[in-house]
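What follows is a single structure, and I will ask about it in a moment.
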Amino acid sequence: MGKMTVVSWVTLFGMVLLAVLPPLFLMNGQAFYMDLATRLVILGIAAVSLNLILGFGGMVSFGHAAFIGLGAYAVGIPAHHATWGGFDLIASYNGFLHLGLAISISALFALITGAISLRTKGVYFIMITMAFGQMAFFLFQSLDVYNGDDGLTIDVRSEFPLINLDEPLQLYILSYVSLVGVMLLVRMIVNSRFGMVLQGAKGNNERMLTLGYNTYFYRLTAYVISGAMCGYAGFLLGNFTTFISPDMMHWTRSGELMFMVILGGASTLFGPVLGSSVFILVEEILSSFTIFWHLPFGLMLIGLVLFIRGGLMGLFKSKGR
Amino acid sequence: MDYTLLFVQVLNGLQLGLLLFLVASGLTLVFGILDFVNLAHGSIYMIGAFIGASLTLLLGNFLLAVLIAVPLTGVLGYLIERFVARQLYDKDHLDHVLGTFGLILVLDTSAHIIWGPAGITVPLPAWLDGQVALFTGVVFPTFRLLIISVGLAVAAGLFWLVNYTKLGMLIRAGASNRTMVSALGIDIQTLFALVFALGAMLAGLAGMLIAPITTASIGMGGQIIITAFVVIIIGGIGSMKGAFIGAIIIGLIDTLGRSFLDQLFELFMSESAAETAAPAVSAMMIYILMAIILAVKPQGLFPPKVR
Amino acid sequence: MIPLLQVAKLRKSFGGVVATDDVSLDVIKGEIHAIIGPNGAGKTTLISQLSGALAPDSGAVTLNGVDITFKPAHTRARLGITRSFQITSLVMEMSVLDNVALAVQARDGSSFRFIKPARSITHIRDKARDFLHQVGMHGRADDPTSALSHGEHRQMEIAIALASEAELMLLDEPMAGLGPTESQMLTEFLQGLKGSRTILLIEHDMDAVFALADRISVLVYGKVIATGTPDEIRNNRDVRNAYLGDE
Amino acid sequence: MRKLLGTALAATMLTGLAQAAEVKIGFVTTLTTGGAVIGNDIKKGVDLALEHMGGKMGDLDINLIFGDDGFKPETGKQVTDKLVKQDNVDFVAGYIWSHVLMASRKTVIDSGKFMITANAGPGPVGGKLCHKNFFSASWMNDQGPMAMGEVLNQKGVKSLYIIAPNYAAGKGMVAGVKRTFKGEVLGTDMTTWPTQLDFSAELAKAKASGADGLFVFYPGKAGGAFMKQYQQAGLKSSLPLYTAFTIDALSLPKFQAAGFTDVLGSQFTGHWDPNLDNAQNKRFVADFRAQHGAYPSPYAAQAYDSIFMIKGAVEAVGGDLTNQDGMRAAMESANYDSVRGAFSYDSSHIPVQPWYLREVVKDSDGNWTTKIVQTIAQSVENPYAADCKM
């Protein structure tokens, strides 16, 4: 293996911290901090998935929260029917069914919306992805069977052999392992031939076309992969919060996901995870001081955009060089 | 079909559309000329509403308050341009989105701190507070007619400004050729600041006009900004004509959807399901329209000729 | 002899201004065909229509007898056309080698492969290094592209064009911005390709054009006013009047 | 980040030591967004209750922690999680919004703690999702409109048009009025909640329907917007308005400031009014007005009640918070002095109480407030009680 750079040390250190600290909190009876860590890790997965297309593919998706919602509803809807009856085809607590639905529906949604969105460029792309996200938001708001805007309480979590998601520690371990898996997957994709084309198209699309790459399909493929991974994060989030609502898909949530990626550092492996961690911790700390925590939070966001190039990971990079 | 109702709903849709146009026109100017994505445009709309409402209560005269409040929002727009937007011009759209997303949080929370969460009910003079009988059986709130008239007047003014004035020429030149404007020896920074302030005034005016109907309240900006973006994306970024037509289409779709969709849905679903589905689906329709238009014309209905 | 590329009555106008006015020309396999003309003659517009970046209003482009008039750029590339850009167009965020390797990879079967790290695929990397070596840039293979000089970027454009192994290379002012020595070196290099590659060359540097070209077409205000060997062109009265007159 | 986590760890170690004799109450309400209009009034009610108790319930100190739900079910559930898991409260109270309550319910119930709603009254909590540890200090959503339905019948209203927001409470309110109203409902419009504040299309439809009356439910700031537009549309004579939780002590001062005299004389139903004649209410209203210069809203009154309800339970077991059965029995007996006067609980822990018709009037100082004009019924049934298996 190559030399360890500062960035890879930070990545390793951060991942070890995430592996060790939350179980310690739990053992000390601080279930809440464990919850916080679980949320942070799950949103980390979503941010990593967004980073695949935003950071490495240059596709600024402003509707990624829709995939989280779809994944969560893929848990909630079958469980709802299993509890209250109806829709026998999918009414079940079976985790594999939930997982399969979450990933396939997200991928399908990504395929359809991506096929249309990727015809556009720049701001149009940002806004059309947002429009599709809002479409999903309003679609679930319109579904009276699933309580529309009021959301759905998941009474029974996805059932798997061997693991029990009702156990916070097991749910955390599953989420953490998933995060590591997703990070490795993204690393693999990015470094593959496919990934080279994807990054090439981000840097200079015209050049890639001239070389004979139909970049549209490369981008669409990446978009579908990203959507499916984000749907998986939604599957975990649904099982974690046991409450899902269309609010999970609102455009502001997509904005927060984007913020996490940029905050941590786009097109880095650990950046999105660092971003989601800092985001959630800062939110938690600020909101415990004042109900007006959005004010310093907003200032922080403006400051980030104005002064920190390359996000937090960028800081380590410049020191490493 | 009840044609009287249809007529009234078309008027309502027109009123909503023209209000949207006031917000969207400023957005499309800033977007088209400065190439700047301003998500915080809706917050300016909200603050305009609050300034107008406070002044109305203070002065006891709605129209006078609006006359003073519009330039005040212009100043606010100038300050935002000077201290935030200007620093962001040479960054990419992603940074614009994030930076102005932060600005929304700052402005909305500030409004909460300054004016409280309750919102302000704006009193109108009696002659605006009533109704007008347009013809037999059709009465329409006077104030909504005022919004329609102001919207049309502003639209006419903007078309004149953009097409027949020197500033308009500069605006059009700035939209298509930044270096040319600089080469003409015009201070592009001043031009940008002016355009930004103009956009802020239009948004503020829209806020002031809607406040007597819906009250001035925190959070009102976040609702309109996305719709306004849909308008200018449908119309083609930077196109005033596009913004106008897009706004009217969306105003009509939203209002007519809310009016008639539930009856349509009741044809094939239960009454209660239709009642829940109709408002959400009519909210969804504008996004479906946008997706269809972009699928066919990726640059909107009236894309600017040169970029 | 069937020409490799045939352009028939190609026409493109922008809001009333005719940029390409019924242009017809052909490129024979193995030749270097140069297009010259004053600024604004429509040379880059023509190249863009040949490479697929712009669609013509009317006319036809055929490559090896296949109509490619409205084929997108990536399809043309697959069929054997590549282009270099007048204004350097590289992936600045990537290393020099990565840029060239992407061109090699494009000829190496499907790139929808997700598992193996691209940088560890030795036959692609070796081939890319080879092309860098040919243009004399092997020493900078691992540097970030953004760190290179303008002259080096121009060399990279050539290396990439070579690496794409296209039957027809459209070179859009490869000498643009180069100093005399660099131009000289590039001219010699292109001369070495003669016979093995087919090149449609757009260039302002007349010394280079007359040294390299087998045939020259002269484009003025969107029209081809003459086509012929360098000697024919040099002696053509119309060309002298329209273009070379002030030489 | 490391330092932060270190601090958190240290806090972990310390909590075990500092277990003082106190009763911990988590109170979830809305302190940000437009919903904070109601939340702030509720907070005033809670604070006044604590003041009146001198910060003590029996021998125990009161440690009350507010949580902000941000007007969103998901956030509400998150703060509830925190109150239960981190702060380890003994009671979770509050909840303005039905959907927030529904989202948060499971967390509290699963933890085995008591949950007391100070406002929200979605159908399921009084029916199939009722629970021995869940109590309402307010009412079911349906009940106010059910009382209004009776009023409409009495007034001889033959047909009705309904407009309400599209969320749990809105649906409950609509179901309620339809349950008792004997005439014909000509149309129902559910509007997007909480974003839609322009009701032009709905008002035009209501008018075109030719109904005898219009029933609406718009809590908080939406109520002000609706009233204004109703007046601007000039419907007062042709389409009389009947409301639930739309006009209250929060909107009346704003209407008064804006000179919106059309509101005077409006009638709506309620289980409480500032003029109710009992000692607890007199003290509450007088001190509230003295502190804040405004009448309390029903929300504040319910919140005030919810804290006294907890006090009654804690004192009944002599401060032994482990005695849940004892506290539950005390709450079931409604053993405290409520600002609404004496009341009792039904089998699903929903209050059985009188409902009144209230009207907007000027008080002796010219302030706009409400008074009771009629007692509609000594009780309104909880329509979901049959589904409750406790």
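Letters A, B, C and D mark the chains in the order given here, with residues in each chain numbered from 1 onward.
What we mean here is this: a contact is a pair of C-beta atoms (placed from the backbone, for glycine too) under 8 Å apart; a residue touches a chain by one contact, two chains touch by 3 or more.
Computed from a prediction, not measured in an experiment: that's the story for all the values here.
Contact with both chain B and chain D is made by A. Ranking all chains by how far their C-alpha centres lie from the centre of chain D, first place goes to C.
If you average the Cα atoms of chain A and of chain C, the two centres end up 43 Å apart. Per-chain Cα centroids separate chain A from chain D by 36 Å. Chain B and chain C have centres, each the mean of its CA atoms, that are 48 Å apart. If you average the Cα atoms of chain C and of chain D, the two centres end up 75 Å apart. Of all residues in chain D, those that touch two or more other chains are 32, 166, 192.
With touch defined as above, residues shared between interfaces to two or more other chains in chain B number as follows: 112, 272, 275-276, 278-280, 283. Multi-chain contact residues, meaning those touching two or more other chains, occur in chain A at positions 141, 148-149, 292, 294. Taken chain by chain, the contacts fit none of the simple shapes, being neither an open path, a ring, a star, nor a full set of pairwise contacts. Chain pairs recorded as touching, per the definition above, are A-B, A-C, A-D, B-D.
Per the touch definition, chain A reaches chain C in the complex via residues 188-189, 191-197, 199-200, 202-204, 206-215, 218, 221.
Of all the residues in chain A, the ones that touch chain D in their complex are 17, 21, 24-25, 28-33, 35, 141, 147-151, 153, 155, 241-243, 245, 247-248, 277-278, 281, 285, 287, 291-292, 294.
Of all residues in chain B, those touching chain A in their complex are 31, 37, 84, 87-88, 91, 93-95, 97-99, 101-110, 112-113, 222, 226, 229-230, 233, 237, 272-273, 275-281, 283-284, 287-288, 290-291, 294-295, 298-300.
If you check the complex, the residues on chain D that touch chain B are 32-37, 39-40, 166, 171, 188-192, 195-198, 200-202, 204-205, 208, 221, 224-225, 228-229, 231-234, 250-251, 254-255, 257-260.
The part of chain B that touches chain D in the complex is made up of residues 2, 4-5, 8-9, 12-13, 15-16, 57, 112, 116-123, 129-131, 139, 141-144, 210, 212-215, 217-220, 223, 255-256, 258-259, 262, 271-272, 275-276, 278-280, 283.
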